[in-house]
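Both of the next two complexes hold chain A, though its partner changes from chain B to chain C.
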Partner chain A sequence: MNVLPWIVAAWLFGIGLYGIVTSRNYVHLIGCLSVCQSATYVLLLGIGFVWGSKPPVFYDHPPGTPAVDPILHALVLTDIVVGAAVTALLLAIALQVQKRRGTIDPRRLRPMRDPE
Partner chain B sequence: MTLAETLLPLAVLVPLGVGALLLGFAHWLTPRVADVASVTVAGFVAVLCAWLAREATGGAIVHWFGGWSPAVSGRPDVVLGIAFSADVASAAIAAFCGLLFAAAFMFAWSYFDEVNSHFHVLMLLFLAAMVGFCLTRDLFDLFVWFELMSIAAYALTAYPLGPSALDGAFNFTIVNSVASFMMLAGVGLLYARSGSLDYLLIGRTVGHAGADPVVLGGFCLIAVALLTKGACVPFHFWLADAHSVAPSPVSVIFSGVMVSVALFGLSKLVVLVFGGNPDILDLVRGALIWIGAATAVIGALTAWTQRHLKRLLAFSTIAHLGIMLTGVATAGGIGQAGLLLYLVGHGLVKGSLFMVAGMLLALRGSADEIDLYGKAKRLWPVGVTMALAGLLLGGLPVGLLHGGSHLLDRAVERSPLVHAAQVLATALTGAAVLRAALRIFAGISGAPGPERNGITEREHEKNVRPVWLMLTPAALLVLLVLMPSSVGERLARLGAGALVGRPAVAAVEPAGMLAQLLPVTLTLVILAGALLRRRPVRRAGRALVTAERLPFGGLGVLHSGLVGDYVAWAVLGLAGLSVASAWL
Partner chain C sequence: MSERGRLAMLLAALLLLAPVAWQVALALPAFGFPTSAYGQTINALVPHMRRVSNMVAAVNFDVRGFDTIGEELMLLAATTGATVLLRGSRGENIGDRAARLPGRHLAGRADGTVLVCRAAAILLMLFGVYVVLHGTVTPGGGFQGGVIVASSLLLVYLGEGYPAWRRIARAPVLALVEGLGAFAFVVAAAVPLAWGRPALSNILPLGTWKDLFSGGTMVVVNAAVGFAVAGSFGLILGEFMEETRGPEDEDMPDEEHR
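Up next is the complex of A and B:
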């Protein structure tokens, strides 16, 4: 198995986290979270990939021929759905925060602590 | 298929189905229908799961969805289907979830009328997710329930739409989402090695894997995800922000079961999936136990410095999760039994305490113990409930919580430091709750100590229901804790035995009188210290107070409320665990 997907996944996860830690804007922060999530897609697809094999659809080639692992595709698909739900919820929260507080800078929005 | 096997999926299907129906007819139903339906469904889940637990004493009840059992594939080592597996422990914990949800629905009666039963829909989704999390036998299925639980929880936290609620929900969502990505990556790594998602099949591969970095990495990622959900140091920061701003009926569930169920999930994985791998067990016994001890101490110290009741309770939950984690970390039968019993006892007490906080928010318009000084003397039945709960939390040697903590003591008896951390955390959190109870309901207190600088906020909750309706579930939960601990202990040993594959874990001998009374005595001593405290007038006294402020202030600075800091701590924790996995 190629080592490249592992490196790409780690890199994506790393820069996503870096973005979350340093972000000064909720919407940017949500974007960084999606970058982190993409790392898991790359990792899962990398795990299921088999060189020189076909898609796991046995419509035009006989069952038994090598194919990439469809279970990991199912996992990625589920994860995309979950990610969409979470992102939508977060954006809705960011919208409400902007409406109520007039800012979406995390440093000025801390629960139960009055903004300086 | 036996009757139990057939009925097993109903524990998840009924709350999901009723939730969907409520959502569909939300605009036509009167609010009482949603209240009645939710209490009934939660009660049904509790009864069904309790019955399943009884049926499972002879062996786990397994349901293969769609009939895709291993027998269908013709090869026992190929599992294509997804199974629910109800052993005694899992079914009992699921039943406990149902019970606590029923109490929370009762407590929330008519509180959420103007939102068209959306609260009930989210809560039923939450319940289904928790039950599924307990019963599943498939690692990816576990991840899906974990996510479903999280999403319902995020929405419920943000629900009041107040500024603090939104900020708290945002921090909660970000930190827990990062955790769930780690979990998914961990599931992927384990699948890469074993080619299966079934607990038992993965367990077989993991048992032969030795110090394979892929398996170790998978374990670290999954453990960190569950420790984040279970709010252990240094992944715990989100909890206090979320639990103190969520509506009280939701906080009951958050602190009562959500976080501890994550630790139950971790302990199940440690036993069923990773139990055969000595390298991982070394890591569990060598690292998690110290994380648990640190969590207990840090959570308890921070709880002591809070003046906002819900925040105080949230940090006390962190401390108690630390105590539970020490049980998980022993990876042995007695630790498991202790975890089960402690989880139930703590959930009942903490649920009741959050209801008391909710009552104060509704009836007195605040949850700040210093603002409320002596203002609730007329609500003395509430005060009695809170004092009793505080005493139980502080180690009063009766009831389920005490039984659990006795088992956990036994499980860690070879590490006196960990044991000391358990006792200290018990005493500090109990004393903090008692201090607040005396101050609010009796007007008895010393000069405010470090809690004076705690974070607080003016807020209130609607007062729309009679006092007795709010008090009844709170009092019932506390009375349930007073059940004789011998009964609970027997059940817990049976449940832990089912997890580790034995009929029952061996009985432990009862503790001596002195050991039994130690935590509660320490609780009362700390409480007395707080009550006798006077404003410092001499120079030495002032110097002492200044010196005291430094460490407590430091703890306050760590809990900064900034989501970036929280994620940085989580990454640091993951790195630490990974280094430990290479080293141990």
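Up next is the complex of A and C:
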């Protein structure tokens, strides 16, 4: 039972990786990358969790009440925001690929050659 | 490489990594028990030292505030990159209307949609501002609230259509909001240096616990992050929306009539 969160994180990462490897479309691939990234959310929140504790926001309960680790929450927050921005950047690149090469199937894309 | 070859390589790699991952999972600290003295120390000390109630905001904007500058600049860089990529390839000779497939019937919006979107966009933006403002007190803060504010702009598109979106969510304004937000964060970090204090030292009056304006410098930094995030997400949404613009010379009927 104690290893379940870590196994869930590893499983999420694994299925994301499977999607990336078998992907036939860059948009789908970027979605799979987000699944891989959600493994990090599960891992970080799992590490920060404390049984029988409250959220690290001391508004309804006074300071001193047992609370979960705020650092991991801050890290997940950072993770989500940067992840969203990077996803946007990757989608912009996928659009570029579609415009220049006419396809976003990773398997039909060959390395670019010198135009000589 | 063939499909089979890829899958075989993935399977081999996963089989190799699985025992390692299992060992790591067993070696990780037991689930549900405090792992870092750092986090628990922050929970114990910061409510009194900074008079804020939201520890996550305190970590982001004060205790580890310098890391958040790095993250903020990363967000700025990713947004700039996406914007430059999209704008660079778009060219000049495009009209200011969304392209449409010839002969495709486009139904007008229902009045109900417009009404709901108008009301919801305003309420959602107010809610976003509320979440930003209460960042140091209740769950929320600049990052979360900024995204909510940016998504309220999407409701404008849903309710009013593309031309109205372009009139309201202007890219230069959003870029300015984003840039000024990031700039204010850096200034808040640099000002204490003038007094010989470490960067991002809390030099403003701390206020009272559970009050809207508690946390001193954190209030400024929180608002700066709210502006920067709202600006950058709005800008990215707008740039992707601009991708739908059709060529200028194409004779297109007014598809946004209702």
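In this section, the second predicted complex is superposed on the first by the 111 of 116 C-alpha atoms of A that agree within 3 Å, B and C clash if a C-alpha of one lies under 4 Å from a C-alpha of the other, contacts with A are read in each partner's own complex, and residues count from 1 in each chain.
Going forward, contacts are C-beta pairs under 8 Å (C-beta built on N, C-alpha and C of every residue); 3 or more make two chains touch, one makes a residue touch a chain.
Predicted model only: the values in this text are computed from it and were never measured.
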Quiz item: In the superposed arrangement, which partner chain does A:82 touch: chain B (first), chain C (second), both, or neither?
Solution: both
Self-check item: Touching partner for A:5 - first (chain B), second (chain C), both, neither
Solution: second
Quiz item: Between chain B (first) and chain C (second), which does A:93 come into contact with in this model arrangement: first, second, both, or neither?
Solution: both
Exercise. Using the superposition on chain A described above, determine whether A:67 touches chain B (first), chain C (second), both, or neither.
Key: second
Self-check item: Contacts of A:33 with chain B and chain C, given as first, second, both or neither
Solution: first
Quiz item: By residue count, is chain A touched more by chain B or by chain C?
Solution: C
Self-check item: Which superposed partner A:49 touches (first chain B, second chain C, both, neither)
Solution: second
Exercise. Considering only the touch criterion stated at the top, classify A:57 as touching first (chain B), second (chain C), both, or neither.
Key: second
Quiz item: Once the complexes are superposed, what residues of chain A are shared between the chain B interface and the chain C interface?
Solution: 17, 21-22, 47, 71-72, 78, 82, 85-86, 89, 93, 96
Quiz item: Across the complex, what residues on chain C touch chain A?
Solution: 3, 6-7, 10, 14, 21, 24-26, 28-36, 38-40, 42-44, 47-48, 53-56, 58-60, 64, 67-68, 71, 74-75, 78-79, 81-82, 85-86, 89, 137-139, 141, 143-144, 147, 210, 229, 232-233, 236, 239-240, 243
Quiz item: Can you name the residues of chain A that touch chain C in the complex?
Solution: 1-7, 10, 14, 17-18, 21-22, 46-51, 55-59, 63-64, 67-74, 77-78, 80-82, 84-86, 88-89, 91-93, 95-96, 99
Quiz prompt | In the complex with chain A, residue positions of chain B that touch it | solution = 140, 144, 147, 151, 154-155, 158, 161, 163-171, 173-174, 177-178, 180-181, 184-185, 187-189, 191-192, 197, 241, 244-245, 308, 311, 455-457, 560-565, 567-568, 571
Exercise. Would you tell me which residues of chain A are touching chain B in their complex?
Key: 9, 13, 17, 20-23, 26, 29, 33, 36-37, 39-40, 43-44, 47, 71-72, 75, 78-79, 82, 85-86, 89-90, 93-94, 96-97, 100-101, 106-107, 109-113
